[in-house]
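Below are two complexes that have chain A in common, paired first with chain B and then with chain C.
Showing the complex of A and B:
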């Protein structure tokens, strides 16, 4: 029974932890402008993140070490540095976006300007990382993030024309949009679903929690059930926007617009739940991205790391995270729109994807680290197909950003 | 724990140091020389093409985009005020939504203000757009006052009426300058 509860908890936290500010904003923007015509990208992204998260979890369980640590050792410092630079910069952007997301959600709840919430949000993130146990931190934010299911509930309460909604799911460029914009947002959605920090957090978390080979089945269930259900949550966000905002001619540019369909469908109770979910999802993701920044730096430079150690025993790891949070505060203090930071972060995530996922694939095929747990043929075929997709998305992201004026 | 030591320079080469053939370096220098010679011409050509493509349509394009973005902001405000009237949105959420909408309209107004029209027609379009955007911002202020004041200021229905008028004006502006 205890094991079953563990599996259930793992799945629930995987669902609740799947959605972050990138998913929230990008899915709402896409739903309000393209309806459900880009829903296929969520499916492609979810399959991709399942393949690579599962792979990095297996690397951690088989080698007893985090993926990034192994990449640096297996591929050498140069390749490790390329991987670190790309992943770390994206992480930093995502940390900034998530802290901004917490502040914006708190503004929606209180009407106090988000700039005043930013330092408080960052201090809260730091305190939790400093004081709270890894498993409690992960489970509480994951379970509270589950309240975002209110998007799915609101969708049912809005009583949409399901046939019309389903017909929108056919991939097509809407009349009001261009092909370039369609593909730009396809890449943004893909980047949001496959954000690099997720795999680094997943594999480092596996080491934090001391996974062994016997834990692989549970981790596989968490990933293969939790992430697709999290993907459904993303689709519900897009569908809510498609049902309420698209017909009203509203193109999402702020977080306040994202919650309107929930209020329309589920009233003030729904609003309270969605605000709780927004704070939990962004707070949880802020913890994960801040930790991922510390993990990648510490694992590259060979510092002592991990929340399983006392902060004094991993001083540089904790200092690096504090600096990341300060950088995030400084960027947001300039008045830059956190939603804009989010939109750019998901696109740059797509640009950095090959540098993140290729090394994982190489390490997962190395029998010296993996023993008999190297990738099977089927996994390698799927991963190779994804690498091609990732490469195409990565190469096309910047030109499309320029051509479309960042999707304007 | 697995520890593997590899040749960091090139593990696949089994420790051998690989050197680039001499010709390769010369070839790259030749390519670089050619690239340097033709790059300014290519940039000038690209600039000319881009200028010719955008000439004459910058004002109407910018105004069309501003009108579209502002229409979206006004539609958002209308939805929020409607939900607030129906008791579905809290005062904090409504006022934040209206603030965001106002920011959007002000950003659109700033882009129109920065335009430098060169023809009388463009000047007229810009003046008209500024008037409409100003009235849109004013309607959002009315709606915001309606949400936040309890002292006999404008009511929510006043706010909704002001927003509806702004929506009409923006729709007329959009049809005049054409959709982007």
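Showing the complex of A and C:
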């Protein structure tokens, strides 16, 4: 029974932890402008993150080595440093977006300006990282994030024309949009679903929790059930926007518009629940991204890291995260719109995808690291197909950003 | 396609053969307690015991150089961007401290006393341990 409970808990936290500010904003924007015509991208992205998260978890369990140690060892110092710079900067951008997201969600709940919430949010994130046990941190934020299921509930309460909604799900460029914007948002959605920090966090989390090979079955169930259900949640967010905002001609530019359909469908109670969900999801993601920035730096330079150690036993790791949070506060203090930061961060995530996923694939085939747990042929075929998709998305992202004026 | 000229065969040696690039460089270094110390940023080669210090000309028949130390610290910068720090500035982990080489390089000594760990210790003592709850000062005075 205890084992079953563990599996259930793992799945639930995987669902709750899947959605972050990037998924929330991007799905709502896409839903409000393209209806469900980009829903296939979420499907493609979810399968991809399942394949690679699973692989990085297996590498961590089999060798005890987390992703960025592997990247440095395989790519050497030069390419490794270039990779670190790109991954770290994009991750820092995501940290900033998530903290801004917490502040915006608290603003919606309290009517106190979000700029006042930013320092508080950052300090709260730091305190949790400083003191709270890894497993408690993961489970609490994951379970609270589950309240975002209210998006799915609201969708039913809105009583949409299901036939019409389903017919939208066919990939097609809506009349009001151009092909370039369609593909730009396809890449943004793909980047939001496959954000590299999830892989850094997943593999480092495996080391934090001391996974062994026998724990892999449970982690596989968590990933293969939890992430697709999390993806379904993303689709529900997009569908809500498609039902309420698309006919009204409202293109999402703020977090209040993201939750508007929930208020319309599920009323005040729904609004209260979705606000809780927003805070939990962004807070959880802020923890994960902040930790990821510490993980990437520490693993590249070989510092002592991990929440399983006391802060004094991983001094550089903790100092690095404090500095990252301060930088995030400083960027947000300029008054830059966190929603805009989010929109850019998911596209840049898409640009950086090959940097993370190629080294993992190489090491997952290395018998010195993996012993007999090297990739099977089937996994390799799927992973290679994804590598091509990732590469195309990565190369096309910046040109499309320029052509479309960042999707305007 | 032109096939490369075959290399002369490696002379037979006793024991395990390590490829510096493949098995040593950029590997994680753990101390005797399993705590990460650093990553192998570079290697130092020295003349074999008994061999004279060499100039730019290496006479035929000189014994092969031996690995004397793992290097860390600023040497990573020069390895990436070129150049060479003076020998006195290198932070060394003597090869004699290395206990085993696998997916990671394990040391037979504790990292606490190593030069390679001084930045970590400095940041711990000057910054992190002063923040309440770091677990760094078991004996607060």
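Operating definition for what follows: the second predicted complex is superposed on the first by the 407 of 408 C-alpha atoms of A that agree within 3 Å, B and C clash if a C-alpha of one lies under 4 Å from a C-alpha of the other, contacts with A are read in each partner's own complex, and residues count from 1 in each chain.
As a working rule, a contact is a pair of C-beta atoms (placed from the backbone, for glycine too) under 8 Å apart; a residue touches a chain by one contact, two chains touch by 3 or more.
Note that this is a predicted model, so its numbers are computed, not measured.
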(request) For A:263, select first, second, both or neither according to whether it touches chain B, chain C, the two together, or no partner. (result) first
(message) Contacts for A:77 in the overlay, against chain B (first) and chain C (second): which applies, first, second, both or neither?
(response) both
(message) Taking the superposition on A as described, I'd like to know which of chain B and chain C A:368 touches: first, second, both or neither.
(response) both
(request) State whether A:131 touches chain B only (first), chain C only (second), both chains, or neither. (result) second
(request) Pick one for A:63: touches chain B only (first), chain C only (second), both, or neither. (result) both
(request) Please indicate which partner A:319 is in contact with in the superposed arrangement: first for chain B, second for chain C, both, or neither. (result) second
(message) Quick one: is A:305 in contact with chain B, with chain C, with both, or with neither? Answer first, second, both or neither.
(response) second
(request) For A:107, select first, second, both or neither according to whether it touches chain B, chain C, the two together, or no partner. (result) first
(request) Examine A:254 and indicate which partner it touches, taking first as chain B and second as chain C; both and neither are also allowed. (result) first
(request) Share the list of chain A residues that count as touching for chain B in one structure and for chain C in the other. (result) 63-65, 73, 76-78, 368-369
(message) For the complex, give me every residue of chain A touching chain C.
(response) 63-65, 69, 72-73, 76-78, 80-81, 130-131, 298, 300-305, 310-313, 315-316, 318-319, 368-369
(request) Using the touch rule from the top, collect the residues of chain A that touch chain B in their complex. (result) 63-65, 73-74, 76-78, 107-111, 176, 244-245, 248-251, 253-254, 256-257, 259-260, 263-264, 267-268, 271, 275, 368-369, 408
(request) Could you please specify the touching residues of chain C with respect to chain A in the complex? (result) 25-29, 35-39, 41, 72, 76, 79-80, 103-104, 119-121, 123-124, 127-129, 131, 133-137
(message) List the residues on chain B that touch chain A in their complex, please.
(response) 1-4, 6, 8, 11, 65, 69, 71-72, 75-76, 78-80, 83, 87-93, 95-97, 100, 103-104, 179
